[in-house]
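Each chain carries a letter (A, B and C) given by its place in the written order, and its residues are counted from 1.
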């Protein structure tokens, strides 16, 4: 596998692991956009190097720590990683769910994260359940100047919305996509009125159809144990994984003619249009003539 | 009764699944297996010196090993004696398949841990070994169907079915397809129809 | 596709009895992915193994009455392969063109058949006298050509592309077997074995067990030969 030439993908900040995972050496040798890399912590300072043919450290690239994760890039990003001011709030718990490998395109993974209509079928009894399957209208827009996608006024009835939830509730959601590989959702916090709990994925695209997914939660929850919180999110993500690894083609089709959409797919349609406008090719489906990138 | 449990563990799921099918309540103690590695801490090694889950405690009894736990639960709580019958022939057959579940089938678990959670295994070797094990099970189930039997041993579902089920049904997680194993797929559908069946991530309800 | 396995022929993909109402199974034909399923109405179908919505493999779906539901978003497709219900919009009538590409398929002679390409003929009938008794399917890790070459040598007749008739001896009686080769992919094939019921008072279970053991031996022999040739 060789490094991609897709400069849109290369010029992004990518998370490659939690500080703990990098410090322990477990994620020392990994891959980003087809390029084998070495990631380590030199004291507090994260460092990333391309892996040479002999396995040694080659060209160094920028690396920084945000939100408990090490971020790096193979290119020259125009903007820093997303800003999440909620991380400054008192009483919040940061849950790092652990890196999971998925044989899927990063773009399919992000799109699945934005989707609500699968809740009753993939996360049955947790995030949704028949017969309450209708997806109500929601708003979707691109917010400038940061060029982020935001879906707001989303809602869905959920039998068990969070680790701390005792009963079913209508969850309100907002979804945010800050880069092709980074997305966060904001959902009704069952514990603190008026607050949002955050769940996000930093998708590390290793190859066009293989990623390591770094999931985090930032919640108000004083009763659940860390194991409970981690397991709640792992259960949901592993349910998605069995879907993601079975989507054909693996690459995300950007031409609307390739896959049939409905109104509930507003986020997905916006995401695909946005990717097409950026000119991203890594992880896209390029098999049909109509979807060849310009 | 207390079960030291991890939501993503197929071995723990064997016990969760069986407890649901026999309708027994229990307390769950979540173990932060990944990324926490809690099962290898000194505190957990006091509970199970092998540093593995599941572990079941029932009054003074502490049991490790999913297969052993299934045998105990069936013997203690299944009044009808169908899940682990008293007939020595059937017990012999069940023991054979319990060994298989904790042995050859665990190659599927290894592939899954490698593909999902970065465990270091020779992936080609474990996948090939899993396929070899699945072929043995598929051939067995094929001939059992010819005899009008629907379960691995005997006339009814037994702990052998529960022990073999999870890592066969989860094989896709480790890049092992069940497309070639027709009898296994029909058996999976039958297991899913047993009253009290519950899912885990990677296994669909029907 | 080849002269031996032409692209306008019928190929067996499983035993009819082995696909009960409510079952959904993956089918591979010339490396192409299909799905076979049977509704509660008893009708079998062979479609493309891919939902038109977000590309989810339909083999992981479930049967809901006479409809196949996709696992991802629960879209229901009727026997004519058209989408009938989209749960995210339960009051909407799905557009007419929201349908799954479907292939010709039929239950015939104890087997389920699908056509690669299109065929004006019906699928092959059971080539022996008496009622067909489906015995088993076995997957072979060898090319369809290598599989065919081995089976062909044992056969008395090729009834249709990849569909062979042969006679064995079971106890003291003559046993007729029909073996249908499914050309799954470059290095994979399946054998679907059907026997003729006899009127000799032979226990059909014993007969099917014998045929099953025979199939295992053939499968293992084809793979053994394949391995030897690979090393040579």
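In the analysis below, a residue touches a chain if its C-beta (ideal position, glycine included) is under 8 Å from a C-beta of that chain, and two chains touch if they have at least 3 such contacts.
Quick caveat: nothing in here was measured; it's all calculated off a predicted structure.
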Farthest chain (mean CA position) relative to subunit A: C
Of A-B and B-C, whichever chain pair has more C-beta contact pairs: A-B
Averaged-CA centre spacing for the pair subunit C and subunit A, given as whole angstrom: 40
Whole-Å gap between the CA centroids of subunit B and subunit C: 30
Shared-contact residues (touching 2 or more other chains) in subunit C: 60, 71
Touching two or more other chains - residue numbers and ranges from subunit B: 204-205
Residues of subunit A whose C-beta touches two or more other chains: 242, 246
Residue ranges of subunit B in contact with subunit A within the complex: 6-8, 30-32, 34-36, 38, 115-118, 172-173, 175, 199, 201-202, 204-205
Residues on subunit A engaged by subunit B in the complex (per definition of touch): 18, 20-21, 26, 96-101, 103, 124, 225-228, 230-231, 234-239, 241-242, 245-246
For the subunit C and subunit B complex, residues of the former touching the latter: 14, 18, 20, 22-23, 25-26, 28, 59-60, 62, 71, 135-137, 139, 188, 190, 205, 208-209, 212, 216
Interface residues, subunit C side, partner subunit A - complex: 33, 49-50, 52-57, 60, 71-74, 86-90, 92, 95, 97-98
Subunit C contact footprint on subunit A (complex, rising order): 111, 116-118, 120-122, 130, 133-135, 242-243, 246-249, 253, 259-264, 268
